[in-house]
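Heads up, the next two complexes both have chain A, just with different partners, chain B and then chain C.
On to the complex of A and B.
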């Protein structure tokens, strides 16, 4: 997988829990162009282990002299966001992937409703740059907890003018999904990114109101959950790899030197999918990619986020 | 690379020929004695020097003649170049890919200098010099996709990625193996592959689509496809079937070696950055059966592949009328020896 070597040029404290990082390429060249909604996967060396986290690109696709991402500090995590907040400073060197877009604007959409919750605002920042450039009809609805958490509010007012609407939970204003989704013209596409309950609520409301599922888009990067230790057996090479409780199957395979395919590393894209040949326990699916039927059938697994409660899991790799 | 561009035709008097170098570097596709479809995709990385895989976009001795052939086809039928309105970002992406690749890999023929969005493009072989503002339509003599694809060998189909699928929403198609852009424009991946026999049942397109949806910018891929054609004709389009169709029954035992051509497509797939679209290059290479036989290994391999070819595939590829004639001409050259796997000529 192609990687880019970058140096952190700037770190800004946006709110008490959100930091913004600016990267430039080590070789002095501009970074690759990208489409709004894209993300990059940042590799971090945490205590000798490589962690890789996806972060949406917030900067404008029109100016790629630098990339900007924003990271919300999550204390109860595997350490990626804590590392970014505590260890990464101007001058720190990192490697990132080329941009990947799993949250693209549908180019046939007549109107676009963007719904962001908290740190979920990040992918919309680059989407808005494209939407403005294309002269598209859009609205941004941005919900956050209290005025201290209003990341990027000023920037959004400048970029979007009267197309942006703010909802501050602390003031008692919330997005009414039924209202918002119940009065849009045919050909409108809706996009949501934010905390899981909000995303779920929006998707359910859209479904209930009869929105076609291919007109509703969401992006949620899941952090690989912790669990019990188990052994994964690679059928083709006969390798047996122990997956510790706090490492994902994909990470354990990589640490063992296996060149396993991956892309988003967040259970969304399907690239890492493996066939399950046998197990003496149960699969624990944590992804958003497999259908309910596929999850129940138990012969596929997404090693970037999913696990198994068993002693042995044999996959076709 | 020192290259003399040939003056030759792909229609009417068919003066097309391959130099010995062109024959040697031909992308012979058969590595086994039997052929069946597969998702035979590999990374499009820099290949062996002198090979068709060496550069991002290949250029050969037929460059000027192919560009002229495209010009003639478009003059008769402008609908060979279609770009749906929502594909404008993809048009600029494609222009950038074409210009950057040619300038980097063939600096003696092409130059690209940039000052921000002010670009200056020079195409020496075609005697084109163009200053323009990247992103500003009014500064080019025609839309960006048509502008660059008239200067590239091979057909190009650009697909919009949406709805977990790919849609053929833009294309320059003047050297196709009997399919119509006008008919297919706007179709989804599985829709436009509908006519291909057996592949659907084999799940080929299901897997290919899944793979392509994850195609990454900076990591292009490639594969080879093949068919055969009578006369070195590039424009074997459904639109012009009345012109070339009858040639299929003009092959005899006396003219088969010079009239029947193997036609191999080097297909490349690139993710485009601003539009998130995928561009599909379909670069055709022609070689006569007689020229294939320059290399005994190729003669034996082609003889076996055609003999073993499933009738459905032979029919879909349009070989039915002359397949046996080609087999008969190659047969004396095949001693039945085991030549092992691989596409190498010697």
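On to the complex of A and C.
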């Protein structure tokens, strides 16, 4: 997969736990154009092991001299965000993938309701630039834990004017999805990015109010969960690869030199889907891509976030 | 008929069934579409408000307005004709919110005329239940002069706009709400296949 070689131009501390990074291309050229809601996958070399994490681009699509991402520090995870916070400084060289958009604005929408929780604000930053440019009707509803966690609030007030509404959990203000979605005009699309309970709450509320599913959009990148060690067998190349507990199946295959397909690395896009031929245990699905029925059928797996509780898993690769 | 082959754009229709999750329901029907409405009201009716917009076809022998009036006690609007229903649809849309479910019953010309009004309000036809009732007559547009004949019954017909003999295809345009009609004797003028009634 072709990559972009970038240098970190600027690192800004936005809140206690959020840092913003600005990337420019090493060859001095402008970066590829992208649409609002796109993300890139950043590769990090952590103790000799390659980590790849997806991050939404939050700069305006109108400006491709640089890209900006924001990273929330997650101490209890596999170390990607901690690496970004502690090791990445201005001048650090990184490789990123070309931007991919799995969370685009529907251009036919008459109105757009954007709902962000915490660091889930990032994809909306670039979408808002697009919506402003198109002169589209939109509202942004941004919920965060406390005023210290209000990342980008001033920037959003400037970008959105009175279209933005803030909800501070610490003050007891919460988004009431029934109120929010119950009286929207025909042709409205709703978008949510944030913690899982919030995403689920909005999707369920929309469903019960009778919103068609193609008017409701969500994006959640998942970190691969930690689990037990198992062995994955690649049917076509007859390779046997041990997947350690703290590595995803996809990462283990990549470490072993296998050129496995991937795009988002967060269980959202479905690009890395593999056919499961055989297992002596159970598949642990963590993705948002497969339907419940497909998960239950147990013959497909998304190796970027899903794993297995077994000794041996045979996939068709 | 070639088996195992289909034209993807050819619309498929289903019998109308109430959708469980909704804020309200709008049923739009014309002529034989009245049967679709009657079938709907034989099911358990939903709790949310219902609006029914219906007109008989004055040319037809069968009328459904009296039976529908007996079955639908609230939210019924009987209109004079197809155009009356369509303008009632436009007037209704301003009050509708996301969560309103739409149901259309009638012939294909009516289904897509109503769908186009819904589309202009941002309602995707994928999310609208559509039941084809009565005639299988097809709305067809002439790819040469763009004239649409709303009710074509035969495999080959004469375009009312340009007089060409057109062959009716299965290719369907959702934007125009009509099937494609192509000149059948362009290669050999006058060589017209046997005209048969395909869409009674």
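Rule of thumb we're sticking to: the second predicted complex is superposed on the first by the 317 of 317 C-alpha atoms of A that agree within 3 Å, B and C clash if a C-alpha of one lies under 4 Å from a C-alpha of the other, contacts with A are read in each partner's own complex, and residues count from 1 in each chain.
We adopt the following convention: a residue touches a chain if its C-beta (ideal position, glycine included) is under 8 Å from a C-beta of that chain, and two chains touch if they have at least 3 such contacts.
Just so you know, these numbers come straight off a predicted model, no measurement behind them.
Once the two complexes are overlaid on the shared chain, A:177 sits clear of chain B and of chain C alike. In the superposed model, A:191 makes contact with neither chain B nor chain C. Look at A:2: by the touch rule set out above, it reaches chain B but stays clear of chain C. Of the two partner chains, chain B is the only one touched by A:35; chain C is not. When the shared chain is aligned, no partner comes close enough to touch A:124: not chain B, not chain C. Of the two partner chains, neither chain B nor chain C is touched by A:23.
In the superposition on chain A, A:209 makes contact with chain C only, not with chain B. Of the two partner chains placed by the overlay, chain B and chain C both lie in contact with A:108.
108, 214 are the residues of chain A that lie in the contact sets of both chain B and chain C, per the superposition on chain A.
On chain A, the positions that touch chain B within their shared complex are 1-2, 32-35, 38, 61, 97-101, 104, 106-108, 134, 214, 263, 269-271. Listing the residues of chain C that touch chain A in their complex gives 19, 21-23, 93, 96-101, 121-124, 126-127.
Residues 108-110, 181-188, 207-212, 214-215 of chain A are the ones that touch chain C when the two sit in their complex.
Those residues of chain B lying in contact with chain A across their complex are 86-87, 89, 93, 160-164, 210, 214, 216-219, 273-276.
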